[in-house]
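Same chain, two partners: chain A is paired with chain B first, then with chain C.
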Partner chain A sequence: MVTAVEFCQYILNGISQGCIYILLASGLTLVFGILNVPNFAQGHLYMIGAYFGFYMVMSFGMNYWMALILATMALAFLGLLLYKFIFYPMRDVPEVNLFVAAMALLMIIEGAALFFFGTETKWFVVPYSRHVVTFGPFALPLQRIIVILGTLVVMIALQIFIKKTMIGATLEATAQQREGAMLCGIKVTSVSALAFMIGTGLAGIAGVLIGPAVLLEPTMGMGPLLVAFSAVVFGGMGSIAGAVLGAFILGLVESLASGYISATYSLTFVFGIMILTLLFRPKGLLGREVWRP
Partner chain B sequence: MKMPLFTKATAWLPALILAIVIPPMAGGYLVSMLILICIWTIMCFSLNIIYGYTGQLSLGQAAFFGIGAYAFGLLTVKVNMGFWPAFFASVFIAGLSGFLIGIPALKLRGPYFILVTLGFSVIVGVVLVAWVDLTGGANGLAGMPRPSPVPLPWGGRLTFDSLLPMYYFTLFFLVLIMVFSHRLINSLIGRRFIAISYNEDLTESLGIDTMSTKILSFTISAIMAGIAGVLYASYNVVISPEMAYFARGMDVVAYLVVGGAGTMAGPILGTLVLMAVPELLQVIPSLKTMINGIILMLFLIFLPSGISGGFKALKGRIIRSRTSPYAGS
Partner chain C sequence: MKCDRCGSEIDPGEEKEYLGQTLCEDCYKELEREFAVLRHMEKVRGEKRGNRILLRLWGNKGGNMKRILAFFILTILTTMTCSHILLAQELKTVKVGALSPHSGLNAYFGLSVFRSVELAVKNINEKGTLGKGPGILVNGRRWRLEVVSYDDGGDPAKSVAGMRRLVEMHNVPVIFGPFGTPATWACQEINMQSGVLFCGMSASDLSRKKGNSLYFQERLPAIYWGDPMAQACIERGYKKACIVADVNEAYSSWAKRFVDKLESLGGKVLGFETIDSKAMTDYHSIMTKFKAKSPDIIFLSLYEDPQALAASHALDIGYKGKFFLNSDWGKKAEKIVGLDRLEGSLVEATQWMFYQAHPEQDKEGFLTGYLKQYQDTYGYIPAQPGAHIYGVVYMVARAMEIADTITDPYAIREAAPKALQEGNLPLIFPNTDVLENGLIYGAPDFLLEIRDGDYKLIRELQVPREVLE
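Right after this comes the complex of A and B.
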């Protein structure tokens, strides 16, 4: 039964690939739900996170997990700065301008990364990152398993934070009804800043977690970003559960499509699915009216 | 009311004269730069129709550019068509693809429309790279012809083998597209475009079929992008998938927003500034992206109406202090 084994291996690859998209897509959808910013630069923030981890581990010899925490904090701080100096001043402009601003941010980060990090690909080596775990006929690099477990932990933590804590409740309230949240005495500006920080922090986590599993280059964020964006649209913009589901499905689609049809066209399938979803279910799979009118 | 000496119309004339007179005195490098500026300005005008006037941001303009250029390349190199038949056929193909994409995509609004156009652009980019048999893959296509010689009324022929005639050729199309844009925007259809950009639901409630108006606007913008693509293919002789890469579509958005969306001068000013500044600073290509991004960001935060919007505000301030508030319009 080679085909069944093959199929399961593709599913396994798809799950680990989907986890990458989950980390990016949940940040995207959180920021979109609260700030209405389709943060186009999320993929590039993820790239910065990966490089940050790379330099911490490879140049300063820092512990990998330490670097993970540090990168998350650094990216969250960067998110605070971005919010303070770019998206807060632009809070009253038309939505389209926010999109263009995120695009400008992408251009700035990409140019800076090409300049500072160089165009050559870098190899983020963690002691155990090349170790391959085999169980039965299946094989998965250890780093991929770390990505899956890490994603699980992060997503559960995020879910607990949003559903069980007071601050999390303010996040959800602001996403559902901005004016209503204001009337309840929620400081929407602080909540927005927090949402942006969580979004960029998730990008930082994603960068350090995934970095050792892939090659680092300044444009590495673009592909995952496009898929994560499709996942967010596919699941319904603003809905975290939708983003997770969408990212998971698109990860599987990409893995199966590249396994059975063609690796070069896998992105085409992902985008094709996004476009078809939008045509038949414009709010996405789990998108609800309440998130954004 | 006294006729002002310096109206908008009289401002365009010296600009056109400058565009005609300066290049022969300049070197070859500057002329090739100006050709590219003309082509990207046409792209900006194409985006201006759908974004500046109709209010629907499309990141897919690079795809239509690529479709036009590749259609032209394939028709001339593989089918051996002449320049002009291939020109019109490719522009038609670009327009048709805009029409076909527009039907589903324009049902969506806001970020969803933007993402579908982006997705379309990515798909076109992937296909251009991956369909090696047809497009030549990452190596691209080569051997596109320059425009066929035009017989001159006083004998002799105008050939487009050198840079300068090629520059005038692209400039001719730029002026043509500007005149067309101007006429279009001041027509009833153009008014509908603008109405949609202000409030789509309200426009629809007035009995205007917004969907077909948006599709018309998108098709026209795709045709313009196709023309730019054909001009590029003909000028550059070689085309590669990079030119249809969606980042080019973002560059066009940057040019237009910096220049001022929804104005006639905006596309020209924005393209000139964003293409000339990195050139003047003599920076490496990666920093070029960064500088463009920074300029775009500064404009978005401090002057979202762009350079020409800034001029208008400045002019409005001066005029308001002298005459009635409507004198400037």
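Right after this comes the complex of A and C.
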């Protein structure tokens, strides 16, 4: 017999899982919207962010929040380097080349992580690791609550940045029509670099936020990347609101399917629902026509 | 004019005279070549007088001096050759294979296996199998072992390719690995044909059943621990159970055996989830479902890290019951979850966990020594399979000595039980025999209970030999 308490607990679990997908999917869709590059390395950048936070906290004794800020900055800088040295020089090549480059980057990052971080899983201990917050019949680890609140703050800040600032407007303008933006005097190269930095920075935030709730290993980015990428397609390529909605729904579906049916088939439901939606709405939930030259 | 040797016509002025014979240019050149050889050998010497060349046998002038010189040179050459042979004897190597994943999801386990093989080989090369080294003594000469490895990435197809490559390119008589049940099954299909002895790192009963005369399996099939575990649950009044099992055959069949036994003893299984624990990062929903059914105990038939994660997530959502932890449970998992939060839980443990929890029980100190050396060398604690393969390397090396061969895998396999029965190897898992199907047998497991933040031994577990043969 399914109880309301059990159902609400699944919803809470789904929201906390969905938040990680939201952070990853937002970065993915932002980069895709501006550069038409499916940055498959997003999941592995999330892994790098988690390890970065781990070493800052566990090896250098840094404060967790400080590590979060530093990891975000470090990953944003890494994003800038990736853009400058890989994606910018390839800006005029066919899209399939960019696709292959993104895949290659994923493999390189995983190999480098195996080499530098080792194969042994690592446990990211923070003061909140074992704290469980109970409210009535519900229980949620404090770290998961931090993930939910952190995602909320970041997404609101991102929305304000895009909608209320001039730089944000240039991002949106470039995403809408690259050539048009150039004609208006927008430096699309700088805007593209900024988009890449924001995308990878979001991956860094996701890594440090979820790090203490999971075990760190070089392959930890692959699973979330698959769902986050599906969320981007599900929500509509290039749409941040669509990515957020898609990630949120897929997180809930995963949790509810694990609870009511079986964890073995939870991802089957996630991808099944995604395919069904795309059959009836090919642009995704909130997708727009992507302008192509 | 005709040549006295070959009978061919000679142009006037081209004739050569040799010992009263008239020869053509070709025949004379041939004689010159023969002469050059004889002169080099100091058998004959030549002297030109006017237009004539006189040949005569090598003279005896200075002969004693030459003999002394020749003796001196011969002595030096003999000494050098002998020392070279001795040197070569010391450096003679026999290659052994290591097949495991160094990359991918199972890299931690695979590298622990590979590095433990390296460590055992290093120790054997320095001290010998019985401490009378260096190396192994076969056919009256000392051999050092050399490891050639292959990274199969945990993919059974690559394991097969790796086995073939190690045999065909390096001619190894024995391979340590592969890691995992699927890879072991794949290699069991080809090892007889390739003529190579190998040790599959599998805890599956099907691997044991598929065993052949060139196969070793170091871990007892986990499925057989299901019975005593279910009995222990009933004895303690834990009659309602939920189970999370990895999709791996060894783990899922173990869990099913536990279910069958528990139900046959009057217990009840309220929930059973089979998952791919390598890909699973969130157990909250599974544990929410289990918690809603109020079980007395949750059996985690998973690898070490997923066990820790699953137990933590169960506690996160407020689960208050006990856990049954399997033999992959270790110190790392214990740190992640915290023993204080596992009061009353049960552990099915091997020497790996038991000796780490109670070092005083590790009377020979083999596990303690191995862990220290591994950590000093590689900077981290290995996974449990590393400790298993470490002993197998010693067993095989000693079997080579007993069988007096480094090339015949059948003879090495046949000598393996004797290597164990001697009782002189530094075995972390004190096995005593190798069964017909290749199963290495003898070391008991342990049933432990977590009480007051410590592991208490309930009893030793042993599977009857006849069940496994």
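The working rule: the second predicted complex is superposed on the first by the 287 of 293 C-alpha atoms of A that agree within 3 Å, B and C clash if a C-alpha of one lies under 4 Å from a C-alpha of the other, contacts with A are read in each partner's own complex, and residues count from 1 in each chain.
Convention: contacts are C-beta pairs under 8 Å (C-beta built on N, C-alpha and C of every residue); 3 or more make two chains touch, one makes a residue touch a chain.
Computed from a prediction, not measured in an experiment: that's the story for all the values here.
Q: Touching A:W65 in the superposition: chain B (first), chain C (second), both, neither?
A: Neither chain B nor chain C is touched by A:W65.
Q: Go through the superposed model and pick first if A:T264 touches only chain B, second if only chain C, both, or neither.
A: Touch partners of A:T264: chain B and chain C.
Q: Have a look at where A:N97 lands relative to chain B and chain C in the superposition and call it first, second, both or neither.
A: The answer is first: A:N97 touches chain B but not chain C.
Q: For A:S230, is the partner it touches chain B (first), chain C (second), both, or none of the two (neither)?
A: first
Q: Examine A:Y128 and indicate which partner it touches, taking first as chain B and second as chain C; both and neither are also allowed.
A: So A:Y128 meets neither chain B nor chain C here.
Q: Same chain A residues contacting chain B and chain C, which ones?
A: 111, 114, 119, 262, 264
Q: In the complex, go through chain B and note every residue touching chain A.
A: The touching residues are 51, 55, 57, 104-105, 107-108, 110-112, 114-116, 118-120, 122-123, 126-127, 129-130, 250, 253-254, 257, 284, 286-294, 296-297, 300-301, 304.
Q: In the complex formed with chain B, which residues of chain A make contact?
A: Its residues touching chain B are 32, 38, 86, 89-90, 93, 95-97, 99-101, 103-112, 114-115, 119, 226, 229-230, 233, 237, 262, 264-265, 267-268, 271-272, 274-275, 278-279, 282.
Q: Give the list of chain A residues in touch with chain C in this complex.
A: 3, 5-6, 9-10, 13-14, 16-17, 111, 114, 118-121, 123, 130, 132, 134, 139-141, 144, 214-215, 217-220, 223-224, 254-256, 258-260, 262-264, 266
Q: Quick one: which bits of chain C touch chain A in the complex? Just the residue numbers, please.
A: For chain C paired with chain A, touching residues are 103-105, 107-108, 110-111, 247, 273-276, 279-286, 288-289, 292, 305, 308-309, 315-318, 332, 335-336, 338, 341, 380-381.
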